[in-house]
Structure formats: C-alpha cells, structure tokens
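I'd like to ask some things about the structure below.
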Amino acid sequence: MALELIKGNIAIAEAAMRAGLISYFGYPITPQTELLEHLSARMPELGRAFVQAESELGAINMVYGAACTGLRTMTSSSSPGVSLMQEGLSYISGTELPVVIVDVVRGGPGLGNIAPSQADYTQLVHGGGHGEYHLIVLAPASVQEAVDLTGMAFDIAEKYRMVVCLLLDGSLGQMMEPVELPEFKPVRTTPPAWAVGSPDSKERVVMTSINIDPPTQERFNVKMMTRWQEVEKNEVRYKGYYLEDAEYVVVGFGTAGRIALSAVRAAREQGLKIGLLRPISLSPFPTKAVDELADRVKGFLVVEMSNGQMLDDITSIVARRVPVEFYGRMGGMVPYPDEIASAINDLVQGEHDVDVDARGKWLAKMRELVGTGE
Amino acid sequence: MPPKGWVEVNELYCKACETCVTDCPTQALAIDLSRLTAKGYHPAFMLHPEDCTGCGICAVVCPDAAITVYRGVRPGTQKEAEVA
Amino acid sequence: MTETDVKVVYKRPLGFTDRTTHYCPGCTHGVAHRLIAEVLEEMGELKNTIGVAPVGCAVFAYNYFNFDFVEAAHGRAPAMATGIKRTLPTKTVFTYQGDGDLASMGMGEIIAAAARGEQITVIFINNTNYGMTGGQMAPTTLPGQKTSSSPLGRDVETQGYPIRTAELLATLDGAAYVARRTLHDVRGIRLAKRAIRTAFEVQKQGLGFSMVELLSICPTNWGMNTENSRNWLAEHMLPYYPVGDYKVSTAVSEMKIGGN
Amino acid sequence: MQAEIIISGFGGQGTLYAGQVLAYAAMDEGKHVTWIPSYGPEMRGGTANCTVVISDDEIGAPTALHPTAVIAMNLPSLDKYEPMIKPGGYLVVNEDMVNRPAVRDDIHVLMVPANKIAQEIGNERAANMVLLGTLEGNMHLLKEGALERALEDHTAARLKKFITMNIEALHRGAEYLAA
Amino acid sequence: MALELIKGNIAIAEAAMRAGLISYFGYPITPQTELLEHLSARMPELGRAFVQAESELGAINMVYGAACTGLRTMTSSSSPGVSLMQEGLSYISGTELPVVIVDVVRGGPGLGNIAPSQADYTQLVHGGGHGEYHLIVLAPASVQEAVDLTGMAFDIAEKYRMVVCLLLDGSLGQMMEPVELPEFKPVRTTPPAWAVGSPDSKERVVMTSINIDPPTQERFNVKMMTRWQEVEKNEVRYKGYYLEDAEYVVVGFGTAGRIALSAVRAAREQGLKIGLLRPISLSPFPTKAVDELADRVKGFLVVEMSNGQMLDDITSIVARRVPVEFYGRMGGMVPYPDEIASAINDLVQGEHDVDVDARGKWLAKMRELVGTGE
Amino acid sequence: MTETDVKVVYKRPLGFTDRTTHYCPGCTHGVAHRLIAEVLEEMGELKNTIGVAPVGCAVFAYNYFNFDFVEAAHGRAPAMATGIKRTLPTKTVFTYQGDGDLASMGMGEIIAAAARGEQITVIFINNTNYGMTGGQMAPTTLPGQKTSSSPLGRDVETQGYPIRTAELLATLDGAAYVARRTLHDVRGIRLAKRAIRTAFEVQKQGLGFSMVELLSICPTNWGMNTENSRNWLAEHMLPYYPVGDYKVSTAVSEMKIGGN
Amino acid sequence: MQAEIIISGFGGQGTLYAGQVLAYAAMDEGKHVTWIPSYGPEMRGGTANCTVVISDDEIGAPTALHPTAVIAMNLPSLDKYEPMIKPGGYLVVNEDMVNRPAVRDDIHVLMVPANKIAQEIGNERAANMVLLGTLEGNMHLLKEGALERALEDHTAARLKKFITMNIEALHRGAEYLAA
Amino acid sequence: MPPKGWVEVNELYCKACETCVTDCPTQALAIDLSRLTAKGYHPAFMLHPEDCTGCGICAVVCPDAAITVYRGVRPGTQKEAEVA
C-alpha cells in the first residue's frame, strides 16, 4: 500500500473508520479537533453516524448508548473534556461495554493551554472516576503506531468488553508522518447477542451498571477484577531499544519516549550503555519488564511530559533495588533530546542512592531552571 | 338488562392504593381489610359484583396493572343470579 | 347472555414482565409505565423497542418492561438514546425520565436532543420533587411547596421559579410533538395514552423529537394518601402546568395514526 | 543521515506548506520523515513554524534544539533560530523581510530576496518555494528533482494550476548557492 | 459543652457552619443528602447562602465562583457526583483556591449502589482530573473526627489555597455518635486582598487557570508542586494503636480502620502483637510512618472497602522489605471485625514472601468466598 | 468657534485596560466589550463589578476589562457567577459567553440560572460558530451554513436546527429581561448598548435574571472580510434571529433608569 | 464492657427510634456509643434495622457479626439474626409478629406480645418501646431509669405528648424477665 | 458654518478592519496603505479631515476602541484653515 503523509489526529480517524467504526460522537477541543472534523466529513460519506454532541458529557453518554448495541463506537477529546467523561467512563466500565476513546492531552491543570502534555496519565491509568474499574490505556509514539493501535483498540475493547483509551499528547495529534493505512474491514452492523437490539438474543437484554444489592455488586467487581488479571496477562505491550547490554535504562512513553530515543542514541554514540524501555500499554503496565530490568541494571531514568505520574509506578516496581531518577517537563513543555541526554549523564555519573527522592531532586532543579513565577 | 361486567384483582400486584375504589363509578370495589397479600397489603376486591358494568375505569387508573376487566357475566355467578 | 359472550375489556399489557414494581402504593409512575406498554403493544413495536431508564424512582423500570432496556446515568438518557438511535435507526427508542433527571441534571442533554430533532420519544414524569432521594426540591417544585430541601416552602426569591418544560422545549424547531397530560384521573390518563401514542408514531414516521410530559403524584414524599395527592395535583399542579399540546409540527398535524 | 529543518515565518507566508512539500519529497524517496507544526491558540497572525526531520532511520525526536538547517522568512524567525543552528548547518533567509545580515560565521548563510523573485515569477506567495529551492539546491537532502515530483504528485486538484509557478520558484531559489 | 448524638452527614454540616461557612452549593445524592438537607434549613436561618444546584457540575462551579471571593465555601456529594466534579476540581486547583468538598462514598463503579465504600480513594488521592495537581484528602473514622476535620479542612484549605476533600464512606455519613460541636467562629464576610471583590486589593484581581504560554504554565506547576512539598511536610496525620511493640501492622482508614481496631484488639487479647496504623490524611499520605514501620515489623495487612486502592501506595512504600497482605470488601460490602481477625491470623501464620501478589491472593480468596456471579 | 469649544464626543472607555485585544480585525467581540465598559462606566459600577469570562474567543476578556474578573470552565460561567453573586450580593456580576459556551456546553447552567432568577447579567455573543477552536458548527449555526464540522452545510435532518436562545430563555419565569440585538451596524450597536444598560439596571435593582443576546460577526471563520460579514449577518442571521425584547417582566417595564 | 444490639423490623415499626433512645441513654451515662442504620434504596417498606454499640472504650466496628443482643420485631428479622447472636446473648422477639418460637438454646430468649401490650396502653406503635424495655430489664446495660431519662431529655417538643405512654411501654416490657 | 469635528485613530489598537471607513457618512476616513502599525496593520486615518462632522459613528462601530472623536475644530488645523 502507498504511504500517505497524515496528521496523527486524522490518521486515527481514518484508522477507526477502517476498523469498522459505526458511530462517532465528539465535541471540539484543541488539539484534538481535526479528528472530529475529519469524521464530520467522512462518516456521512460512508453512511455511518457522526454527531457533534452538545458537550463531552453528551458525547460519552452517546457512546455509552451506542456501545449498548455492541457496534463499534468511539469518542475523542482532550484533557478537560476527558475529565468531564469520568462519570461516563465509570458507568460504561460498570456495564462491561467495548468503547474506544482518544485523549489528545494538553497542558494543565484547569484550562491550562493547548500545548502537548502527558499529565492525564493518572487520570486514565489509575482511574479518574468513582469505584473499582480499569481502563486499558495505549500510548502510541508515532503516527503509524497510532494507526495500528487504533485498529487493535477496537479488537481489544471487544475481546474484554472494556474501555480502551488511546493517550497521546498534542504534538502527536498535530504531527505528520508517512503512514500505511489498513484496508477497510468488513463492518458489523447487527448487534451481537449480548447487546440490545440484537436479532440473535433469546431473551430481552438489559444493560445497566446498577447492582443495588451489595453482594451482587461485589460479585460483579470480583468478576471484573478477574478479567483484569487476564488483561494483565495478555495485553502488555512495550518496545525495548538497546536493552540487551544496557547498564542504565530510560523509561518514557509516547512523544517523551521517542525524544528519549534520540538522547539514548546520542549516549550510545558516546559509548554509554543506555537502553530505552518505551511502554506502549500504560495500563496494563509492563511491570514484569521493569521488574526484570531492575534486577540487572544500575539505574533508571524516567522521562515524562508531566510531574512524574508514571514515575510513581516505576518507583513502586523497582522497589529500591536500584536508583530511579526523573526528568519531566510540565504544562505543555516538550523536552529536547539534549535535556534528556544531560539527565542521562547525571544518572550515569551521579551517586547511586536507592532511597533517592527522584521527584524532589528534579523539582529542585526545575525551580532553578524555570523558577516558580514568584 | 344492561351489559354487565366483572373484574379480577391480581393480589400479586395490588398495593391497596384505593385508586380503583375511589374511581369506580358504581362503587363496586372496596379494600378488603380482612386479608393481607403476600406483600402485606389489604387488597382491593369486588364488594358489589352486581354493580360492575365492566366500564374498565378501575383498570385504567390502577397504577399496578393489577386489574383485569371482563364484560359479560361472570362464569359461575350467572347461575347464582338466575337462582336468585 | 352466555358465557361465550365474555370479553376481556382490559388486561395487563404484554409489554410488562410479571414482576411487581417497587413504586409506592398509588404512585402514578405505574400508570405511565402501563400506558407505554399498552401503546407499544398496540403499535406492534414491543419487539422493536429499546427503552432508556433514568436515575430516579424509575431507575428499575427495566425490570418491569418486557423488551430491551438500558439504564442511563442521571440526566443523560437523551444522549444515551441518541447513541442507540443513531446506531440502530429502525428501532423505536424512548427515554423515561423524572423532573430532577430531565429538567435539572439533564437539561443540557434534553434541549440538545430536541434541537437536533433526534428521532426519539421522551416520557417525562413531573412529580414536583426528587422522589428517589427522599423528596428534595425539583426544578418543577411549585412556589411555596415544602420539600426536604425547601423546608419552609420554595422561596422563589432564592430558590427560583418552576420550569415549564413542555413550553420550554416547544420553542425548539427540532421538536415535532410536545404535549403535557396528567395522570391524576381517568380522563387525564386516557388523554395521556393518546398523546403517548402520537409521540411514538411521530418517531416511527421519522418526524422528529417527541415528548409527553405527564403530571404525576408522589404520595410518599408529598406526605398524603393517594386520594389527597390526586386532588393536590388537580388543584395545584394543573393551574401551573396546564395540559395541552405545546408543539404539533405541521407534519405531525397531518400524520395519520393507523390501527386500534 | 539525519537532518532537521525548521521553516519559520509569519502566518500566511506558507511555511507549513513548504515543510510539507519537503516532507512529501522525503517520504517518496523512502526516507523516514516527520513534520510537526507549532500550533497556538491564536489561529491567525503571529508566527507559524514547522520542523521537518528527515532520516534514514526510525526518527526519535521530531523537534530539534540544534537544527541542521533553518529557513527564516521574517526577522523574528531569524532572531530566534539563527543562534540555534548546528555548526556547519544552513541558514536560508528571506532577505526582503529582514533588516540585518546574519551574524554566525560557522554556518552556511544564504540571503535570498525571495519576495522579489516570487513577484517576478508572478506571485509573491511563492516566496516559500523560492527559499525551499535554495535550501535543497545547497543541501541536496534528496535526489535531483524530488521536490518538483512531490509538488506534482501531492498537490490537491484545485491547486494544480500553481504547480508550474511553484516549480519555477524552486528553480529560481536553487540558483542561489552558498559562497 | 454538651454532647449531642448526630449523624455524620449532619455533624459535618453543623461543623462547617461553625467554621464559618458562608456559602454551600450541592445536589442531592444518597448517602450524602442529609448534609444538603440540613444546610437547606440552617444556612438561610443564619443569613448565609444555600443553593441546590442544577447538578454537581453546577455545584462545583458555583463553589469555584464563591471561592474566588476568598470566603468559605463547600460542596458535598457522593461518588458519581464527584466524578462529575473532576473538571471543576482541576480548574479550582489550577486557580489556587481554598475549597472544601465532602465525598460520602458509595458502592461502584457506575450507578452501583448506595452502600458504604472507599473506592473513590484513587479518584481523590491520585487525581481524577486532568493535569498536574493534588488534593488534600482527609478520612475521618468517627463522627467526632469528622467534625474536627471539617473545621480543620477550612483552615488548611485557606493556608495553602487548595482543595481539601473529606472522604468518608456511606456508613459514616449515616452513623450517629455523641459529638461535641465547636462554637461558632467569627465569620469572614469581606474578601481578602487576593480575592475578587476585595476592598483591600490595590489592583484589580483576575482569577484564572489559563496559562496559554507553556513556560508560564510550567512555572506555575513548579510553584504548586513546591507548595505540595510543604503540605507533605506539615499536614500528614494518622493515628497509631499498639504500634510500639507491634510485630505486624494493620493499615486501614475511615470505617475500615475502626473495624480493624476491633480486630486488632481481639488479636491482642489472643496475645498477638498486632498494631494498627490508621491514616487520617490520605493525601498527603503518612509515608514516613509506614516507611519506618517497614524497617521494624514483620508484615502488613492492608484493609479497605475497595479493591485495594491504598494497598498500591503501601506496597510502594514498603518496597518488598516485608510482606504486605490485603483484605478488602467491594461494591458496598462492609467487613466485620471477624473477617479482619481471620486475615490477621493468616498473616501471622502465613509464609513470609515479600514478593507476594497481595491483590492476586485476595482475589482468589474472594472468588471462592463470593464468586463472580457467573 | 475657539479651541476651548473642543468637546470629546467619544473616547476609549475607562473600563478598558490599555491592552490590545487578540480578536481578529473587524470582530464584533470588541464592540460588545466596549459597550459593556461604557455602560458600567456610565452606571458608576466599574469598581463594583466582577466579570466572568467564558472559554471561547473571549477567553482572554479579563485582559481587556479594567475590573475584577474570573475565568470559568467551558459553559459553566452562569454557575460560577451564581457562586460569586450569592457570596457578594451587592456586587454587579456578569457573564460573557459565546454560543458554543452558552447554548451547547452550558445549556444546563444558563437555564438553571435563568429559572432561579439569579441576579446576574449575561452578555451572549451569537456568531453562529465556535470561533476559538476554528469554526465548528454551533447550536446557532444556520441551516445549510458551512462550518468545519458541517462541511457540506448544516443538514437539519442529521445535525438539527439552530437554537433561538433568547426565545428559549424568555419562557422562564425567573428571567426578568431577555433581549436580542445586533452589532453589525451603527443603529444596532446603539440599540444594543441600551439593552445592555437595561440588563445591568435590572440586576442592580434586583429584578431577576437578565440577558442580552448579541448577533456578532466572525470574519475569520466565515471566510469573509468585515464588510461582507456584516452584510451576511444582516441578510442571513437577522431573519432567523430577529432583534427584539423577548422578555420584559412587569417590574422591568416599570423600571426607571437614571443618569446620563 | 462492650455490647452490640441489633434492632430489626419492618419500616414503620420504630426500630431506628428505639435504637436512638438506647443510644441517647448510653451517651448520657458517659458511655461510648454508636448507632448505625442499614439504609436502602427503597425508602419505604422493606426492613429497617439499626445496630447500637455501647462500650466503655473507644468503639471500633459500629456493626457486629455476632451481636450481644437482638430485638426482632418481625419474622424476617428473627430468621436473619437469631443464628448470629453471641452465645449467652439475648434475643427479644415481638411474639405478635412471628409464627414460630426461637430455636437457639444457648441464648436468653424473650418472647413478648409487644403489639398487644402496646395496644393495651393505647398505641400499637409503642411496641418498639415495650421490647426495648424487655431488653434493658434483662440486660441492665445502663443505670436504672436511664431509658426513661433519655426519653424525657431527648424527645422533640412536638412529640413530648408521647413520653408518658412510651415510659409506660418501657415498664411493661421490663416486666418480662428471662426464665 | 456647521459643527465640525475630527477623530484620532490610536494606531496601537487599529487593526485595519475598515469598519469605520465603510460607515463614516462623509467618507472622511480611509486606510493608510503607505504605513504599517507596530502590529503590522495599515491603519485608518482621516483622508478628508474637512468633511468630518464629529458625528461619532466611526467610534461607535470601531471594534477596537481605537478612535477618539472630538467636536469643534482641530487645534492647529484651525489656523491652517484660516490661512487657506
């Protein structure tokens, strides 16, 4: 197939349609809007449903309804809009429905700005809504990967009847890269037997997240957590670079991960034995990979476009076996490879203290570097 | 002889709200204080079956779809009526 | 007259399951349910319908109707119904919502759905309070009416005025049919059923958004027995919320309803 | 081989488009390539720039603190990016929009009266192509004729009429060679 | 002062008024509604503002506005309602405003039920909204503690200009205990100089969470994180029981913590050296206390009314020094002391494996105990 | 006539800071701002006012007005204004909102505030699209109008009908004054100013909720120059959104406006 | 000393109120006390029960799997709670609302025709106080007269008129002593 | 002599939107294509000062509050006018 040069936002839109997207519901918000705009033109062309919702609340609840029919559905937004979806995500999860959502993260908190960020990690990975549930969270680092993961997201969502979220930062949404788009898949247009409106279901179907009887709710939660164990077993994805002989490992996902790759290459050129672990599935997290590395490397450097939200997970896994250091930029700032390279040098040359307060050290540095505005 | 009717109150559903009793134009219905349903209610019943016209009003207003309305003469009661 | 002349004038509708409802004795939620079931049965739509339950006393509505059902988040039923209807346009999709659900929490969603002319039907139960949570003030609570969150009676100066939802939605071009009816007496119920039938026909014929607002009693939270509740509705609610057709689009006024 | 090129100017000067032409050309040659714009809240006015990275390998960072080359279409762009260019790199300046020469002497500087040239060939808006022509004419990032082919293959139907003029602009720009 | 027997919900309402609450905005939701109902009667009596908002979105944004005046304001809700507040909480945090919110948690996810739960821990402690920010989260375990923490919440909120959240489960909201209510405090009615509408500010005041320029946003974030370090230093609160000579420590907060206390007492009566750590501030977390215990005890048992949301934090701190086991009930179930006692016995008698997958073990047990409903 | 006869007929209002706005050339957001500043100056309310900025092109409004300001989350300005006004009832509090902000995202909040009779003033800019995010369809987009999310023109069948916000809010009892004006010509602007004055007076006199909807141009996203935009407004928007007073409560109609 | 008492019956039988009277009395004696209801989605009908824990010490769990005592005002309550009572504990049953005797023989069982007694003293709704009287008359959780004083001190003004009757009910109930 | 007026365009604010130019009833204003403001716009200016009536319309329609309107005769220009 021919390569095309496309923006991340539009590539995801196209990939979703090719994966059999039947309905899309969304609300404009920078830096995600092109995704919605593209579908506003394309979905009607294909005779599929596109609705610009009244709000992100509307959008997620339209998706909730559409998902009850078992046909492929999706929404997309950016940080503040995703916050507004938290109630809906908890409901959808509590109803065991397959849904794909895209969060093109921007600088926060609050209104913040529209520059690239990864600070919705905890919101999505550790659950921003109420009650016990998990989202599957995938973080592409290139437009091609975004395309590939979009198709996979629908499959995984259906396999486990769960919400799959693509988390990317604003720059990936705006970036153009050559991509190979998949062919159009045959589309399912009749609800499966478990869904409402299905011609195949023997009994009437009720879709709800209510379990007014606590023991019933608890049983449901045990079931969902058991399913999550399956997901943790099957759906961990990451990419390793130069890990075989690595003495130190940089961990970063998405754009931060690919920027780190440049820095790691530069370090290798200097003869340093640095590897890169780029988690692709943030939830389930590549815990085992980090765990095994912690047994054989001398230290980690976590790189994020946030205040170290993944850092906490890495620290927990490494469990003081080796030092974990951190370099992050916040509020819409994107690090340059040079900054990461210098953080790598600090790691390699620094003192090895497994009790290091990585975030505190980094924060002190940031206060010098950028100040506090006071 | 005017068209006659009768109703059956399904005691599974009746909650003794008295709506049917109030609205029956012929006062054919009443609450049966002598009995309790499984749910603990005193159900509605036909106190004056002879007055029922089968108009269906009780069923239209019943919030619990507890009433079935028949028109004609209640099987069994017909004979009694003839005997009387 | 012989036994063979016996005719069933009324029986429990086929659209109901055999479960007893959790509604309080006399509560007209039950009447509204029944009318929906009767209409869908008459239209032959029982197998083709998907209902959307609200958060409110009708949260368990899906237990009582004998067809596919989903349960929405509080206020979001119109959005959820939109998602279903856009995905399966040949299905009959309706929401069933209370006044807290529709006119407070979900005002944004209902207006947007009506403005979009979404091909769904909305059955809206106005009982002037939040029944499920114990009788707090609703957007529809009447001036001076006591509730558990307006203990001295709704003070319009600080707590605002009731919303007349049917009138409000009727201003929207996407709304094809908007009517208000009452469930407090037999005549009202008969008219309500006709309106519900019209609303579903509007959907079936693709004429746009349809809603029937139903004035309903809440004996428990009003602290009155059924009879007094019905009288209170007639005396206090009807003047503030007159029954009537608030929007009948040209297409709807020309619509023919078949059968029954 | 990896090259990072920043193309910067006012909104409306066609910097983003010039970057896309370069990116298409690189893609068509089988290179790895990324194109990334700076995007801002003010949709209009202000500056508009993009970074194109061309590489034989999987590309890491799509941005660069020290780019290999910069096309500066106005003064603020010159001020901002000149100091950042990698020693030995290239700086192509739209001479018509700046009021000073470049100051670095460890890079290749090309001052091009791009607006004038573009006017000569009939459309001031082709200044971006003139400068892109100069860049490629000096750096030879791609095979001979790659940009021209990219223009021919990737121009939207309704804009086809501009292809000839844009190719001419590329050629006129390519005539400017570093000393 | 005389003791009164009051429900948790109402006690918090009274305590807030006595702490100088000027305005309350809320929306009914079980099991929190009495709090709102009580204030609907009492606030107007005191000439203060009470508004039943149109939704939790409305409520949190009314609180946002009220907080911009610097006068004491509050909202309360329960899980689904708190999910709807996530965008607002991110905005309020991004505007540095003092706000108190109360989450009387119920069983989830989704609509779930209205029974007691603690499953909003991650939502509140790790941040359910977008971007980098922290909430201060306090978890009372008795009605008196709820009263005391309510007053303190307002003070802390103002000290740091942050959101302070009281997290309690439904049963604490519904429970009556004798309490001593504080006296009415003198009330601030004029905005401080930093707030809008202040007579004291020299220049006009603008309150916003927008920083369209990423470097400015980043500086702001550095400032907020620096402030958070202060909070971590000053505001950690917990209560220890029988810790001096403890060989094993149970960790539980709120209702789970007090139920654990009964179990711990029973264990002590059996002669087992068991202690209890009851975190009161969940955020900032009593990290140091756990850390120090991990150096001298033989193991931990974490008890929660959730799937182990605090467990992850304990595991991270303990860092494999000693085993951490878990016992939780979900979906509105409240454990009995007997269950915890038996979990204590398992811990004491079990094999000591620091690599134990505590959640996995517990989940397997739960599958036997309650099943998965399948 | 001597130099001492020189009179300043018009000068930049005191309610403005000296910052230049980020609005596009010709954008009538600027006119709306100016009228607010003029009215508040004339009423002597500059020191007593708190503004609430929306998310939309006017997100930076607080940079341009010379008094206290807060910035709301998208759509929630009426709730935020409620929080401020209830806390400081003697302040003049207003929201400034776009059509995406008020009539889509924030429909729930504006209706609730109006129904509550909240003593706030709302200035509502209807420019038939989402200006800030690049011109997507708004609830006010006209049938057939092309936007970046209705690329073939708004199809009322699938994308619904425009919402006439002033008419909608006018149905609510809590709304004391609801008017629509236009900013596309000098007469419209003069009438708009008078309406804005009335709206703020309504608030000052505690008569209830007040809103002025202002028809506004968006040359950038409409893809026209200023002049054509103003003509387009007159030709297409005015017929769909007639200027006029949609609600003038009895108290408002009896109100006396002092000064100037 | 710690005692856990569950009072259970239909909604409307006054179980929650009986628990509160007990809790008030305990509080007034300076004991630690908790009162916790089961609360359900169905505001009306169904069962209503509460647990009162009285202790000399800070109270841990406000609920108990094996309570010290149970007042069962109807059959479902008897069925549910009888098996849970701590050996040696107390079970007070409203004899008028059940159709079977208790089966446990390791606890103190008191069958009280509470409805009848309440009717005798003029108000069937005082059955809850009759049973509470029986409980306290046998267990002596508090000082003599504590419940009566609690009724006098903590009854809301508009309900004061019921105090005498309720005290009478307590006394009549207290006459039932375990064998 | 009719009441005369003049206007000043503050070039900090003017964005060349031409609204004032279009709406001036006496065509006194125009865009100055020969100059650029600091923000890069060709500002409005008084092409025909003699025609200005000081009616204020330009200021009322200006979206950027860039115009100050005076009535009377512009100081300085008076003399010129007299000389002319």
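Points to keep in mind about this one:
Letters A, B, C, D, E, F, G and H mark the chains in the order given here, with residues in each chain numbered from 1 onward.
Here is the rule we go by: contacts are C-beta pairs under 8 Å (C-beta built on N, C-alpha and C of every residue); 3 or more make two chains touch, one makes a residue touch a chain.
Keep in mind the model is a prediction, meaning the values are calculated, not measured.
Centroid distances from chain E, each centroid being the mean of CA atoms, peak for H.
Chain centres were defined as the mean of their Cα atoms; on that basis the chain farthest from chain D turns out to be B.
Across the two interfaces under comparison, E-G and C-E, the one joined by more C-beta contacts turns out to be E-G.
With centres taken as mean Cα positions, chain H sits 89 Å from chain B.
With centres defined as mean CA coordinates, chain D is found 34 Å away from chain A.
Between the CA-based centres of chain D and chain F the separation comes to 43 Å, rounded to the whole angstrom.
Inter-chain spacing, taken between the CA centroids of chain C and chain H, is 62 Å. In chain F, the residues that reach two or more other chains under the touch definition are 24, 59, 71, 73, 104-105, 107-109, 111-112, 116, 134, 139, 159. Among the residues of chain A, those in touch with two or more other chains are 30, 51, 54-55, 57, 80, 87, 91, 95, 110-111, 113-114, 208-210, 212. Annotation for chain G: residues touching 2 or more other chains are 41. Listing the residues of chain A that touch chain E in their complex gives 57, 79-80, 82-84, 86-87, 90-95, 105, 107-115, 117, 119-120, 122-123, 126-133, 208-223, 225-226, 229, 306-307, 309, 312, 315-316, 319-320, 329-333, 359-360, 363, 366-367, 370-374. Of all residues in chain B, only 1, 4-5, 10, 12-13, 15-19, 22-23, 39, 41, 54, 56-57, 59-73, 75, 78 touch chain C in the complex they form.
Interface residues of chain A, counted against chain F in their complex, comprise 27-30, 33, 36-37, 40-41, 44, 50-52, 54-55, 80, 110-111. Partner chain F is touched in their complex by these residues of chain E: 22-23, 25, 49, 51, 53-55, 57-59, 61-69, 71, 73, 87-88, 91, 95, 191, 196-197, 204-210, 212. The touching residues of chain F, counted against chain E in their complex, run 50, 52-53, 59-60, 62, 66-73, 76, 79-88, 91, 108-109, 111-112, 116.
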